[in-house]
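Dropping the structures in below, format is structure tokens.
Heads up, the next two complexes both have subunit A, just with different partners, subunit B and then subunit C.
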Partner chain A sequence: MNNSNATPALQIRDLHVEIRRADTWLPILRGVNFSVAPGCIHALVGESGGGKSMVAKAVTGLLPQAARISGGSICIDGQDVTHWSENQWRTLRGGAVSMVLQDPMTALNPVRRIGAQMADVLRAHTAGADIEATLVGLLEQVQLREPQAVLKAYPHQLSGGMRQRVVIAMAWACRPRLIICDEPTTALDVTVQKQVLRLIHRLAGEGQGVLLVTHDLGVVAKLCRSLSVIHAGRILEEGSVEAVFAQPQHAYTQALLAATPRFDRPEHTLVQVDDGLIDSLNAQARAYDSERRVSA
Partner chain B sequence: MSPPLLQVKGLGLSLPDMAHKSLFAAAPMKRIFSNISFELQAGSSLGVIGESGSGKSTLARALTLIMPPQEGELLFRGESVLAFNEQQRINYRSQLQMIFQDPMSSLNPRRRISDIIAQPLQVLGQDVSASDRLDKVIQLLRRVGLDSSLAARYPHQLSGGQRQRVGIARALALQPVALIADEVTSGLDVSAQARIVALLQALRREEGLALIFISHDLSLVRSLCDDVLILRQGEVMEQGAAAQIFSQPRHAYTRDLMDAIALPEPDAGWLERGQTTAGA
Partner chain C sequence: MADAKPVSVWLRLRRNPRVLFGGAVCLLLVLTALLAPWLAPQDPGQQELMASFEKPLLFGYAASDSALPNYWLGSDNLGRDVLSRLIHGARIAMLVAVISATLAALLGTLLGALAGFYGGRIDSLISRMVDVWMSFPPVLLSIVLVSVLGTGLWSVIAAIVIVDWTRFCRVVRAETQAQAALDYVVSARMLGMRSWQIVWHEIRPNVMPLLITLFTLEMGVAIVVEAILSFVGLSLSSGAATWGGMVGEGRLYVNQAPWLMVFPMLLMMLAVLGLNALGDGLRREFDPVMTR
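For the complex of A and B:
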């Protein structure tokens, strides 16, 4: 299902985001470009502090108060949402764009039953219909046994894997155009992780664009079609998963791969990411900032 | 031949099950793990693999007597730890030091790095003068690859990887013979993780420290450990030499765990292969 000619589910062009510290605006994202086609799972890969979560926040209209978009654009399903107000975002979030976050316990309200929380999403974005039947259908789709019992349960009564399935069911409930999965399996056991990845893969086959934000190159290799590597708010490399894993072009991508443990190669020593490389990347980012300031 | 450093025979631990406590009666006991046996030779390494609820962290607490085990035997250099008097227990604990999963919650946020690392010296060590103590702290910081200028900082001023190395420096302060590392890299980026793994390998190689490495990550265990013990819901599924178990897993659960490893290599068929049990 490769609709490369169709309108991208997400298109980010030259996105700049700054965050206020005292009196100055510090650049966080420095000209981020990538797009996610419908039916494709695209990965945004990087380490903490690289800006990947800031991208996820920007494309869901959830940037912190102290942050602003200072350049570029974000289009969701062809619609420019770059400077939308919170009221406009409310019509979109949960409807055309939804999220699956790392920790399902914080995504769910601990004192409300699963069924009531899921029903909120449907009531906010869809008209009437038989909500109960829809909810059962959604839970069956994410392969939860005894959906009736799950609807009556509170979040703490479910296992971590079950909770994440509920969150995924909520994210898919309104058939959004774009789903942001931010480290969706990091908190899960490995055997559960595989089941959840399989589920995301199957649901994406329905034609939604999925942006997977992660630090785990193993997950990217198994689940995604394409990826962008981000560091210091800049995309350093992008391409198809086959091409990048076969021949990573950027030194940072190579360093990340060398630092990733290999079960199949026990003698492979984990190569530490070179401090010199990180320093030079940070220097490049600062040079980019001053160049941009001069040209502005 | 001298007895092994640590000998564990049929270790078991139960805790009150608060989830099933009725209002007035005492909570029923729930078995956390049972019948665990292994030997740890000086300088060797044992990987304990398990998913959440397997009892692997509680096992670490039992070995360090934070939660004393109720069943079985625990021998340190051939002597029964559970029969130790208070002074012997203190000595045993200083020989077997623990590094925790989340350095942010295991380091006191209100104390400087130098105080955090020096604390075991003050509490359990041969107490020395303040200047000697600072020398020792700086030596420990260097040992874990941190700059001595970090001594005056607070935990929140350090990165996650640096904090974890402070946790290791503190564990090394009393010159232990063994470290117990409980999921020490699971909150870290791959580059910080690679540094911690290299540090643990260097400590084994250069100082002959024994290591009990508790993790859910089979790849890390395979590269760090001589022996492996696979736990599931408090029971040992399989144990033995790492090379043997990972090349010829006998237990279905071990195979499930191995199937679930996402290698950083594109493979379209991987998602469809292996166990398909739903509803977990």
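For the complex of A and C:
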């Protein structure tokens, strides 16, 4: 499936986000560019604090109150949502864009039955229809056995993997154009991770654009078609998974790939990204800020 | 399913001695209040000046005149039956406790949920208000309020609500804040739910156990505050039978007729003890940290 001519599910152009601290605005994202085509899984890779989650928050309209978008644009399914109000966002969330959160243990309300929570989504976005039947269908799609029993269960009665499937089913319920998966497998154990990743892969085949936020390059290699590497709020490298993994252009990408733990290394040492490299990247980011301030 | 069927809440609560004791006391109080006219052997306002300071028959004292009705718990200076007055007093105590706790819970929960969910300026405003409010001594504040509002049942209830809504507000704010930070609230927003829907459907059920607990404790507080106001003569008119009023009037004759003070005090202690035990027991059952 090649939809490169179709409208991208998500297109971010030169996005700048700042956070207020006392009376100054600290840049968090510095000109982020990338797009996610329908039917594609695009990975956003980087270390903690690099701005991955800020991108995820910006494209769902969930930026913290102290943050502002100071430049660039975000388009979801061809629609410019950069400066949308909370009310406008609400019509989009769950319908055109949805999100799978990291920890399935806390992503479901502990005191409500699964069925009731899932029904909320459908009620918010679709009129009437047979909700019960739709829910059963959704749960079957995420390969949960005994969907009727799951609908009546409370979250604590399900295992972590089952809960994450429920969360994924909720995110997919209204066939959104764009789904953001924020480290969807970090909180799961390895065997369950594989099943959940397969599930995401299969669902993405239906034509939704998926943005996978992760720091697990192993997952990226297996699951995604393209990736962007982010550090200090800047995209350092972008390209198809095959190209970037075979021939990483940027020193940071090379360092990240080298730092991936491998069992075939003789002594099981964990390699760190070189401090000097990080320092020079941070210096570049600061230089970029001052340059931007001068030109503005 | 992964787990066996959990023990039903009712079964678990029935095994808790605090809940059992507190529940029994509450049930008794509610029934007494509801059935007061039928339970009370005499009219609580009925005076019998020939039979003042009759000693309680219950403790084996003989009546001074066999023609008199039975004063099981003695009679007061005007010859009114203490038992009947206590039974009718339960009516007022329960009425004040239930209504004022409900209103305080509504007001406090509303403001607490607003502060906890929206944070920012709304939170600072409400929280500062609560801080200032709580820096007033509660008894003094309620006495001042009643003297401004005038005496009467509704003034007493209003005074208790105005003094005690802060208790609910603080607890609900803290809990709402904790719940709102959890991922399921973010999920709910991501699914396109409105703020009030999130507060009502997602957060409220999680705060409910705490509210139930606080409600029973608040009822105990309301009974005590009502008694204090009656004691200083700022509650209902002095003719009405209230526990606090009975203690206040009995104080004058404590050397002659100690039962006038002792019985209402015992009853008040029992009521507050029962409500606190119930609240404490519920808290222990509902609070995941305290249930081992």
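In this section, the second predicted complex is superposed on the first by the 289 of 296 C-alpha atoms of A that agree within 3 Å, B and C clash if a C-alpha of one lies under 4 Å from a C-alpha of the other, contacts with A are read in each partner's own complex, and residues count from 1 in each chain.
To be clear about the criterion, a contact is a pair of C-beta atoms (placed from the backbone, for glycine too) under 8 Å apart; a residue touches a chain by one contact, two chains touch by 3 or more.
What you are looking at is a predicted structure, and each value in this text was computed from that prediction instead of being measured.
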{"item": "Fit or clash between subunit C and subunit B when superposed on subunit A", "value": "fit"}
{"item": "More subunit A residues in contact - subunit B or subunit C", "value": "B"}
{"item": "Subunit B versus subunit C as contact partner of A:His215, first or second or both or neither", "value": "first"}
{"item": "Which superposed partner A:Ala251 touches (first subunit B, second subunit C, both, neither)", "value": "neither"}
{"item": "Subunit B versus subunit C as contact partner of A:Pro110, first or second or both or neither", "value": "second"}
{"item": "Which of subunit B and subunit C A:His125 touches, first, second, both or neither", "value": "second"}
{"item": "Partner chain(s) touched by A:Ser159 [first = subunit B, second = subunit C, both, neither]", "value": "both"}
{"item": "Partner chain in contact with A:Ala6 - subunit B first, subunit C second, else both or neither", "value": "neither"}
{"item": "Superposed arrangement (fit on chain A Cα atoms) - minimum subunit B/subunit C Cα distance in Å", "value": "5"}
{"item": "Touching both subunit B and subunit C, residues of subunit A", "value": "159, 162"}
{"item": "Interfacial residue positions of subunit C with respect to subunit A in the complex", "value": "1-3, 120, 182-184, 186-194, 197, 201-202, 205-206, 208"}
{"item": "Complex contact set, residues of subunit B against subunit A", "value": "51-52, 160, 189-191, 193-195, 197-198, 216-220, 222-223, 242-243, 246, 256-267, 270-272, 274-275, 277-280"}
{"item": "Subunit A to subunit C touching residues, read off their complex", "value": "60, 62, 65, 90-95, 98-99, 101-103, 106-112, 120-121, 124-125, 149, 153, 156-159, 162, 167, 170-171"}
{"item": "In the complex, subunit A residues that touch subunit B", "value": "47-48, 143-145, 159-162, 189-195, 197-198, 201, 215-223, 241-242, 245, 255-257, 259-264, 266-273"}
